[in-house]
Amino acid sequence: MDVAIIGGTGYGAVELLRFLQQHPYANVKKIISHSNSGTDFSDVYQHTVEVVELQMEEIDIDQLAQEVELVFFATPSNVSKHTIPALIDKGIKCIDLSGDFRLQSPEVYQQYYGEEIAPQPYIEKAVYGLCETYRENIQQADLLANPGCYPTATTLGILPVLERDLIDPQTILIDAKTGVSGAGRGLSLNVHFSEMNENFKAYKIGQHKHIPEIEQTLSSVANETIQVTFTPHIVPMTRGIMSTIYVDLKEHQSTEAFIDLYERFYQQDPFVRVRKNGVIPSTKEVWGSNYCDIGLYADERTGKLIIVSVIDNLVKGASGQAIQNMNIMQGWEETAGLHTLPIYP
Amino acid sequence: MDVAIIGGTGYGAVELLRFLQQHPYANVKKIISHSNSGTDFSDVYQHTVEVVELQMEEIDIDQLAQEVELVFFATPSNVSKHTIPALIDKGIKCIDLSGDFRLQSPEVYQQYYGEEIAPQPYIEKAVYGLCETYRENIQQADLLANPGCYPTATTLGILPVLERDLIDPQTILIDAKTGVSGAGRGLSLNVHFSEMNENFKAYKIGQHKHIPEIEQTLSSVANETIQVTFTPHIVPMTRGIMSTIYVDLKEHQSTEAFIDLYERFYQQDPFVRVRKNGVIPSTKEVWGSNYCDIGLYADERTGKLIIVSVIDNLVKGASGQAIQNMNIMQGWEETAGLHTLPIYP
Amino acid sequence: MDVAIIGGTGYGAVELLRFLQQHPYANVKKIISHSNSGTDFSDVYQHTVEVVELQMEEIDIDQLAQEVELVFFATPSNVSKHTIPALIDKGIKCIDLSGDFRLQSPEVYQQYYGEEIAPQPYIEKAVYGLCETYRENIQQADLLANPGCYPTATTLGILPVLERDLIDPQTILIDAKTGVSGAGRGLSLNVHFSEMNENFKAYKIGQHKHIPEIEQTLSSVANETIQVTFTPHIVPMTRGIMSTIYVDLKEHQSTEAFIDLYERFYQQDPFVRVRKNGVIPSTKEVWGSNYCDIGLYADERTGKLIIVSVIDNLVKGASGQAIQNMNIMQGWEETAGLHTLPIYP
Amino acid sequence: MDVAIIGGTGYGAVELLRFLQQHPYANVKKIISHSNSGTDFSDVYQHTVEVVELQMEEIDIDQLAQEVELVFFATPSNVSKHTIPALIDKGIKCIDLSGDFRLQSPEVYQQYYGEEIAPQPYIEKAVYGLCETYRENIQQADLLANPGCYPTATTLGILPVLERDLIDPQTILIDAKTGVSGAGRGLSLNVHFSEMNENFKAYKIGQHKHIPEIEQTLSSVANETIQVTFTPHIVPMTRGIMSTIYVDLKEHQSTEAFIDLYERFYQQDPFVRVRKNGVIPSTKEVWGSNYCDIGLYADERTGKLIIVSVIDNLVKGASGQAIQNMNIMQGWEETAGLHTLPIYP
């Protein structure tokens, strides 16, 4: 199947290419980039020399519709909403790595994204692609909203105890940490090497646009309106997210009991791994791979369950999950193109 | 005044030397190291060549008592408790950077430090050296227990709202992050460069020995038994601690109001700086200095106050605070030897 | 084909597993580790949980000879020489990632490795596995000495101009830089995070054991005894080698002319990429992959050619090249299991 | 003495402030920044909050001349040459951290800096401020050209053997490595954290503007025209320069003999430290300090002397040396404000 990537110069695009280059059924036919059209992709990303031989192009929707069956959008916020409707109307499947089609509420979208939401019929069409939870909907999807990086790590960490009604859903607190690549390739003093190296920062406290995305999924699962406390931080490393999640248990159980629950909950899911008692995963243990690894600690002293969930923000938190979603949409085996081990050290 | 440093090969010692070398009133006369006695200090730490010209020695308590007036212990846990009593008995002041004299309860000490506590009369003599809170006691102290790194950042962050009774003291949750130097100079796979670089880890969840230290101080200030949730993490950088602290407010007030409160609370304290509204300090902004910088965010949505407190773990979290304590004990100006700017970038 | 890995707890082993797990023809049947026999591999390397399900074992040569056809040695120096002869005698192919069978001269081996060389008949049997240069010999090899990391980057950088007799072979100067993983998993203060982070070091000047290995290959190609100046340095990053090589040209030519020469020289070699004029590769552009990328600059002012050659020390400098060698030995396509893009960023 | 700093938002300025804040005789009265005039300095550099209380201003030469006696220029290339002449004419001393007044030759300046050189009378007035070599001229200077970072580390490494005529001056080869802060605070993809982290790069091979500066000093000392090979690289760390220097010896002598020579050569120089036999300094051993540390290895095999010279690029390579120059110009003790130990780890 021929596919296209829109947003060719970002880190999302380059990770899509890394996985698609090994994919047994999908082939990248076009890379679209407005800012770099006419340039060889490998001139922008020298590490792809002699491997990726495409030139970046301007978008042409009619031509795209003729040449490819599926389009990945690895664009900034408020871009894909202008183009996806036309492609969907022409019968092209779209997987959107940006946030444009993730939220249901126009008001909330306006508040966090600063613009009007995409047209309502397309918002209704869009399926939220958290693979492990919405696999059946995804199989039917034409327009897929690929989850954000923080929401992926966070909701996978919380869902088992939330669904089984073991926690007070109004006590969810998430202290999240990301590697710097989550900020993308855009230049900024915040991620200037000399200022970010040997530094650790909190940012956008109480205001990050992944807050409503997390709350929407959790509220829908719990069937009640959930508000979370969510504080993101940035770590002086390139890749990796850790969500450290704190929830009040309705009733204390042993760590072992929760581990059993999580293992059963995710037993059909090839990319979620639950650590054994006494072991907490670190971000490097999923580096470069599509895994989400989870460690648990039930604190008898305070009555809380502490959940540590790690992913590679560019893989399970973006491009890897996008390919996993494509695999589900197409009815292919879910791991196609994705069964690489994490790279360590 | 001549002083000695015991525990000469650790990072605590080398930071003490950096500050004492510029100190107007104190002079390092002896460096004691059992494992390196007979070796030049500058052979172990090449960066001190031609500046520090002392040879490390075995400890000899009688000789120490004759030659110096004050001794810094920069030793691992469960070492100073065997030596400090004899020095105190001879009239030598002691500042202990380890945890041996910080806890009051023999049971808690046994549980977290795995050995018997120091003799009771010396535990009673020991003053806990959180300068900003116990300045008056410190002025009288002969035996000073210098606070741990996490407890320093954490308690300075919480005290203003706890003392003013603005929070529910049973809701304190601390998600803490440290640079790698906190683990000291001892070799371990955990801090082996190739495994720690580009990695972020949680560790000792619910079990860190700084938990009872934090609880003891907070309980004493609040006049009730407080239990906290405390999760430490390790960041791929050498220096810096951030405590992100979450507390339930009794009543919502604006961020601005809390900033005013903190500024007034710390207005006599030369090393605590409160950031203005909208600004959260990062760890690099105190790098190499004795500052504790605090940022605040009152979250109307969730009714929580989020407090971000940063220090350099080896300075305000160890050697810098030890010198600040010496200054207070001696009646010198509190900033003597310590008024260096953070080093940036 | 079933294979075994000896030296199961080092970085060489874990990288072999990463590539072999995706290899179309080879399957890892056994992992041998003396220090960890009886332990699950995934307990030592948590990132392989649920993927690598082997337990490490003690070595048993007879059993090995029955169960596998080829053995990789990812052991420290002076280990494989004691075991390989017995395996070879039983008809098992061996690929040695250590230096035991690389050098021809017993005296030189003794000088640089501090012990006696392996038995002479096996030294004679051993083929030096620099794939691009000795491909035909490798096809016949039973005992393969996989090149060192520095020698791989360095000799691939020099060979084209040396073979074409364009340089004065007595002027070769190599200033080499490696990531920290080159030092392996053994603990040492040199690679303790707090001391290696934000640090850059030279080490073993004039004494590194890769000096005779480089000289042996270059001398054999040039048909004269060549001595090189070689200075290794260590960079605060996990992976990557850069050799910056300086040679006196017999006659000045344009940079463009040398690029043409290198491109023709390596045109059959899938893993050597020559950068175009004005572009010098950085180490990250080969990160995680089996590529060796080369950039060139002919300096008219000084009459020198400056060659920059980069590899991932753990891949083309160790495990990746070992698999490339296995592919050649077995007559498989040379890129089998290895056609992954570098991982960027 | 009141001084001003021009170029207030760069790393040069912030390091000047760090040292001047502790200086016994000099006081920063004004910070000039065109791009940030009207802004508090501590709003741009939060780590200086409550310590630096100046607002940045537009330049006003008449006012400057009335209020300060000396001006530091921490500006980019081709800026100071427009302002310094007017200040000098008004009797204000100037220390220029940029390259505008370092080169004597108008042609060479034009070639490497891309613009016309400063007016000839001021070029003639300018004294090149390599303190250890030109101390006597510096005492008389009104206009001081502070050396570049690479030239400082490199020429201090070479001068002893060049002056004593022990090397072939046409064989000098410098392989240099810098931390990222050398690139300044300007944003660029090259120093974007995600692209620079875990990366090592060569750049501007054969074209760096420090080449003519090094050659000018060496040629003047040797009394013959010297051309050097100079290749700069960038290391994923914030601070530090290492120059690894290779020279052909006229006659082999022991490493010990060269160490003796260097120690005698620099025995009056408080900021140059020569390591003992077998010890090579790493960049972290001078971190944050004004030291230049030198290690030596005489290679009998190849007849070369290998010199390793390390500095902190922002201190001895910029602001620290500028203050050292001010001290010499004013007749103060050379170490005033500068006697801090390197910060380790």
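As written, the chain order gives the labels A, B, C and D, with residue 1 at the start of each chain.
One rule holds in what follows: a residue touches a chain if its C-beta (ideal position, glycine included) is under 8 Å from a C-beta of that chain, and two chains touch if they have at least 3 such contacts.
What you see is a predicted model, and the numbers here were worked out from it, not measured in a lab.
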{"item": "Third chains touching both chain C and chain A", "value": "B, D"}
{"item": "Farthest chain relative to chain A (centres taken as mean CA coordinates)", "value": "D"}
{"item": "Selected pair, greater C-beta contact count between A-D and A-B", "value": "A-B"}
{"item": "Distance from the mean Cα position of chain D to that of chain B, given in whole angstrom", "value": "36"}
{"item": "Centroid spacing, where centroids are CA-atom means, of chain A and chain B in whole angstrom", "value": "39"}
{"item": "Centroid spacing, where centroids are CA-atom means, of chain A and chain D in whole angstrom", "value": "46"}
{"item": "Multi-partner residues of chain C (each touching 2 or more other chains)", "value": "11, 181, 194-195, 197-198, 236-239, 284, 287, 345"}
{"item": "Chain A-touching residues of chain C, taken from the complex the two chains share", "value": "11, 14, 17-18, 21-22, 45-52, 181, 197-198, 238-239, 273, 275, 279, 281, 284-289, 293, 339-345"}
{"item": "Complex contacts: residues of chain D adjacent to chain A", "value": "11, 180-181, 183, 185, 187-189, 191-198, 236-238"}
{"item": "Residue ranges of chain B touching chain A (in the complex, touch as defined)", "value": "173, 175, 177, 179, 194-195, 197-203, 205-206, 227-229, 231, 233, 235-240, 242, 244, 246, 280, 282-284, 287, 295, 297, 299, 301-302, 304, 306, 308, 345"}
